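Next up: some structures, all given as structure tokens.
Presented sequentially are two complexes of chain A, the first with chain B as partner and the second with chain C.
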Partner chain A sequence: MHAFLIKRLIQAVIALLGVATLIFFIQHLSGDPTLLLVPEGATQEDIDALREALGFNRPLIVQYLSYMGDLLTFDFGRSIVQNVPVMTIIGARVPYTLALAGGALVVALGIGLPLGAIMGLKRERWYARAAMGVALAGQSLPTFWSGILLILVFGVTLGWLPPSGARSALSIIMPSVALGLLTMATFARVARTAVLDEIGKDYVRTARAKGVNTRRLFFRHLIRNGSIPVITVAALEISNLLAGAVIVETVFAWPGLGQAAIQAIAARDFLVVQAIVLLGAFVAIGLNLLADLLYSVVDPRIRLERAR
Partner chain B sequence: MTSFAKHARTLALAAGVSLFALSAMSTDGMAQPETLVIDLVNEPSSLDPHRQWNPDSYYVYRNIFDQLLTRTDDGEIVPNLATDWTYADDSSVIFTIRDDVAFHDGEMLTADDVVYSIERITDPDFASPQLGQYNQITGAEALSPTEVRVTTNGPYPALLAQLVKLSIVPQHYVEEVGDDAFNQAPVGSGPYQFGEWDRGVQVSVERFDDYWGEPGFFPRAEFRAVPDAATRVANLLAGEANLIVTIDPDLALQLDANDGVEPRFALTERVGYLKLNTQVGPTADPRVREAIAAAIDAQLIIDGLLGGFDAPTSQMLSPAHFGWVDGIERDGYDIDRARALIAEVGDPALEPMSFATAPVFDQRIVQALQQMLTEAGFNVEIEMTDMAAYLARAQSEADQQADMSFGRWSCACQDADGVLFPLLHSSSNWSTWSEDEMNALLETARGTLDEDERMAAYEQVHNLVVDQVPLVPLYQAAILYGVDSDLVWQPTPNESMFLNRMSWAD
Partner chain C sequence: MTSRTANLLAAMLGRTTDDGADRPARRRRSWRPVLPFIVIFFAFCLMAVFAPLLAPADPDAQNLLGRLRAPGTDVRGEVFWLGSDELGRDLLSRIIYGARVSLFVALLSVLISSVFGTVLGIVAALNRGIVETIIMRLVDIVLSIPAILLAIITVAVLGPGLQNVIIVLAFTRWPRYARVAYGQTLGLVGQPYVAFARHLDVGTPRLLVRHILPNIIGPLVVVATLEFGLMVLFESGLSFLGLGVQPPTASWGSILSTGRNYVSTAWWIATFPGVCLFLLILSVNLIGDHLRDRLDPRSWR
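Up next, the complex of A and B:
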């Protein structure tokens, strides 16, 4: 178990350094932000002076080594556009993105899993098919469209919820639903498959033969055995949620990381982009690790295999 | 965003707006709020007025700070902190500063603060992105607590226009708290004082009751970050926002269809233009350039794509600029003439031409231009890069530049020097045009304070542009806002948003 963890942690650090290197060069190879900052018509002298002050006149490899050096001491630098430490910008936005991802996950799991279970257990019934339709519709509607529709119906016409922003506790509902609907269908499908897989197995037949009723069978056995694929998918889907949050945050003016990333990319605010990408990579790697650890909790056989 | 996505959203919005129109809800009859809510695109990048000067920053900090001079809604430069100014000689101006101006922390504003502000923004080590607008200023000195002498490196006719944007910051406060703390909690002398900055969400400002000038009507205002235009419109319709910036003509028409809200617009000093490479490729031939100008129907672009808000122009300026000359007319759209010129030039005119653009520009316009040129017989290939790469290419050597590029120029100074010199003088990176007559005219206009002499030079510049087509001026760009109909406020060409010029209608 420990050997497994240590190995995975070393892999994680290497992956993060790789991501840092990649994002650094991808951004810098297409030029620097100096021209975006100066007024139109600025002279070459003005441009050169600003470029020098910002440090973009140094050889790329020097800039890279300086960046990696800072990174190893957990110094993420300063935003050249906003003139504040990168961590100030990110720190202000992380809570919002976490709240949104959490809200979306609640929506996705809370609707997706029951839908999936119904589709699996009662697949011949009309309402199971209808449920499939609902799930598919949720996934097929692009968020920039469903988002604005939600805003106009619930925010403008009915006036039940704040149309956008993050000023009240109710503000999180619509963005969570818009984002959650996207992944809901994935969970529904996975849950359906898991239930179908398990329902055909010998232990289910045995349990049924013993007279265990469906409800007990489902809650005692199917859920636990069917949860492994759900955990895997959840780990992957949280990364997807963070990606989807970019659009949802923009549509709903939700001040999360995705919105900050878009602004930073447009302004070529390199250090902010790099920090957000690194954070995203860190979360993705961390979630996968967590998923692996959770398997072994749910299914002890996995732990034994890995430890060998 | 793809155009499909855009249309899908327009449809969604139309559906929603119709629902809204059907519903009984209306903002009429509600009490007018004391807090004015303004939806910007992004939050300000900085509130230190000597740092960023993008619109979202500018809209906010211009209310917190004063400048020596300001412009009326009609564009006239009038006294603000400076009550009077006289030219001591061609390259130095003495400003008389008000003695009754208090900063928000109670300290009085003096000539030393003015000198400090000028020196701060022009200090290369401070690395202000705005330095390029003030690089002609060589010094500032306080002659008395109410007198400042500003010197320039030679006669600099655009000085006053540039000083309209230079905010005066409190020396004592900036030095005491440092640049970072000042940026995050600024203290100025303007009609509104900084309230709170909820990062990513909003910046609030509060009316400064000891303001020396025209007091604000609203006790408080909030500037919120709402990146999506359709969401800004929804906020306005829901009554959550009172003023929203930057909407497109489709959204403006939808606002028109609703009670209680309306679009308002101003023709700005931004000019949409097509720059041609006069040294390399097919466009080096003046007949090709003339044919390009004849093939473009600017009015059609304005009516068909821009909702009719923008205005066609034959010179590379707007009437809001010093240097605008009434009556300059270039030959209009004439496709037969374009075809005839192409036939005259022959094969070289049919070679593929590169057309540089970036996503920030309206791609429908770029495609329409390509279509018009193709119809005349040209072979035009659009080359899209991101904005930074586009700017780098637009400012490179002539053989690196594209054959043509679409742009929207704003010098943010409303003076011809800030537009025509960089675009047409051979010493400028932007220019591929190298002609002694043009250089001499631009230098004359830059080097004298005599307004008549300047105007005469610019008139000749405009005529040279019409004759030789180093670029094709297309239209004066409009800026569209959405407002609560009860808000008294007139948008201006310099895209300012002064809270103390706004109020609720009675």
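Up next, the complex of A and C:
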């Protein structure tokens, strides 16, 4: 167990350092990172002064070390455009993105799991096949289109929900649905596989032979044993939801991190973009680690296999 | 070494090569259920290739008298079959030309990333040690950044535009192919015929083309098909965010972005490009799923 834990932790740390290095490399792809940070129409003197102030005129290796040092202390720098620390900008946006991801997860689990269970339990019925079709279609639905359709139907035509922004509590419903539909299919697939895996096992046959009815069998046995892969996949899917939030937030003018990133690109506020991407990658790596650990806690076979 | 000698050698050693000739015939899924989607996919391809012949109007020609007209409106002899946008451009023509952008970007980015990724994957598998470690660690790192975020930061640095979108997509997606090519090649390196070929001092290019590539191409084609759908989605997503193809060039994503702004007055702008996008992605995904099932029946029960 310890060997696996330590190995996995070291891998995660390497991945974190690697991601930070890759972003540093991308930052220097343009030749002069200073140009990414100045508003359009800046004079040459302004650019030179800023380059001096930010230290972009130092040797690359020195820049790299100071960049990594800043990251270790969670210092993402100061936004040139808005003249506040990047962390302040991000801090104000985080609650919105978390709320959206949470809402989407509720939608995805709430629809995906029952759908998957039906697909697994009643495999041959027409409605199980129809459910499969719905799940597949949901996966191919671009969030920016499903989002607009939701606005069109529920915001504009029916007028039930606010079409965009975050002014009322109802505002979160449509973005959550648009984002949740994307991962719904994944949960449906996992739930279906989990049910099919469990249903073929001996204890199910025994329970059936004892006369346990399907409902009790499902709620008492299948859900408990089948939830293991679902929890693991949920940990992985959260990072997908956070990434998908970039587009959904833009569609619904939801003031989260994704919208902040897109606005920052338009305003040439590169440090904000960089911080949000780094944060997203760090969260993804963390969740990946969490999924692996969760799995190894509940299923000892895995840690034995992977520790080797 | 020809593949016939490989077969002979394998037969001698009591193993089979990977052409499946002497395996029990696998129950194959019929193509019939996906046939309509293959037709849809090729219809979009034809639409893209013959766009200049099919489009009723110039996709970029503005008609300020015919702004935001509903589908079927006739403005001085010009019929807007699917309506017009905020500058009076014919939506149908823009959608037809938009198929070009979608398919061109997807095709090129899949081609570049698959060749790049496959080569790196095979190189890593054939050169165990430091080369392998560097390549496969890089694969892990790139894959650990959510793809859309990596694409966004790269566009932020390089700037938007058709060419940069292709570069960005190729740059962010090659690790998928590298991982598959690496795994598949590792499996082959242990095969006696590869060891034999190496022993006979067959040059590396020949080893790759004659012995390794034909045996690993199947799973790579599946990855490429599924990635193709994803690339269509990414291009339109980036264009929707204003980071992709720049105006006035029509892209389904950028048309949808306009549609979002006029959603309360002109429903058609946000509807028709979305239908096309959905159908294209759905058909590519279903074709990819089907290919995967044929190659690996265990992956989806």
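Throughout what follows, the second predicted complex is superposed on the first by the 241 of 308 C-alpha atoms of A that agree within 3 Å, B and C clash if a C-alpha of one lies under 4 Å from a C-alpha of the other, contacts with A are read in each partner's own complex, and residues count from 1 in each chain.
We adopt the following convention: contacts are C-beta pairs under 8 Å (C-beta built on N, C-alpha and C of every residue); 3 or more make two chains touch, one makes a residue touch a chain.
On a predicted model such as this, the values are computed, not experimentally measured, just so you know.
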*asked:* Looking at A:V297 after the superposition, I want to know if it touches chain B, chain C, both of them or none. Which is it: first, second, both, neither?
replied: neither
*Is A:P163 in contact with chain B, with chain C, with both, or with neither (first, second, both, neither)?*
both
_Touching partner for A:Q139 - first (chain B), second (chain C), both, neither_ = second
*With the two structures laid over each other on chain A, which partner does A:I262 touch: chain B (first), chain C (second), both, or neither?*
both
*Should A:A3 be classified as contacting the first partner (chain B), the second (chain C), both, or neither?*
neither
*Examine A:L60 and indicate which partner it touches, taking first as chain B and second as chain C; both and neither are also allowed.*
neither
*Return first, second, both or neither, reflecting whether A:V106 touches chain B, chain C, both chains, or no partner chain.*
neither
*asked:* A:V246 in the overlay: touching chain B, chain C, both, or neither? Say first, second, both or neither.
replied: second
*Have a look at where A:A42 lands relative to chain B and chain C in the superposition and call it first, second, both or neither.*
first
*Show which residues of chain A both chain B and chain C reach, each in its own complex.*
30, 36, 142, 144-145, 148-149, 151-152, 155-156, 163, 250-251, 262, 266
_Touching residues (chain side chain A, partner chain B) in the complex_ = 30-33, 35-47, 49-50, 53-54, 81-84, 88-89, 92-93, 96, 142, 144-145, 148-149, 151-153, 155-159, 162-167, 250-253, 255-256, 259-260, 262-263, 266-268
*asked:* Under the definition above, what is the set of chain A residues touching chain C in their complex?
replied: 11, 14-15, 18-19, 22-23, 26-27, 29-30, 36, 136-137, 139-142, 144-145, 148-149, 151-152, 155-156, 163, 193, 196, 239-240, 242-244, 246-247, 250-251, 261-262, 265-266, 270, 273-274, 276-277, 280-281, 284-285, 288
_Partner chain A, residues of chain B touching it in the complex_ = 1, 5, 8-9, 12-13, 15-17, 19-20, 23, 25, 42, 45-46, 48, 51-53, 124-125, 127, 129-133, 135, 179-180, 183-184, 199-202, 224-228, 230-231, 234-235, 237-238, 240, 386-389, 391-392, 395, 409-412, 418-419, 421-423, 428-430
*asked:* Taking the touch rule as given, give the residues of chain C at its contact with chain A in the complex, in rising order.
replied: 137-138, 140-142, 144-150, 152-158, 229, 233, 236-237, 240-243, 253, 256-257, 259-260, 263-264, 267, 270-271, 274, 277-278, 281-282, 285-286, 289, 301
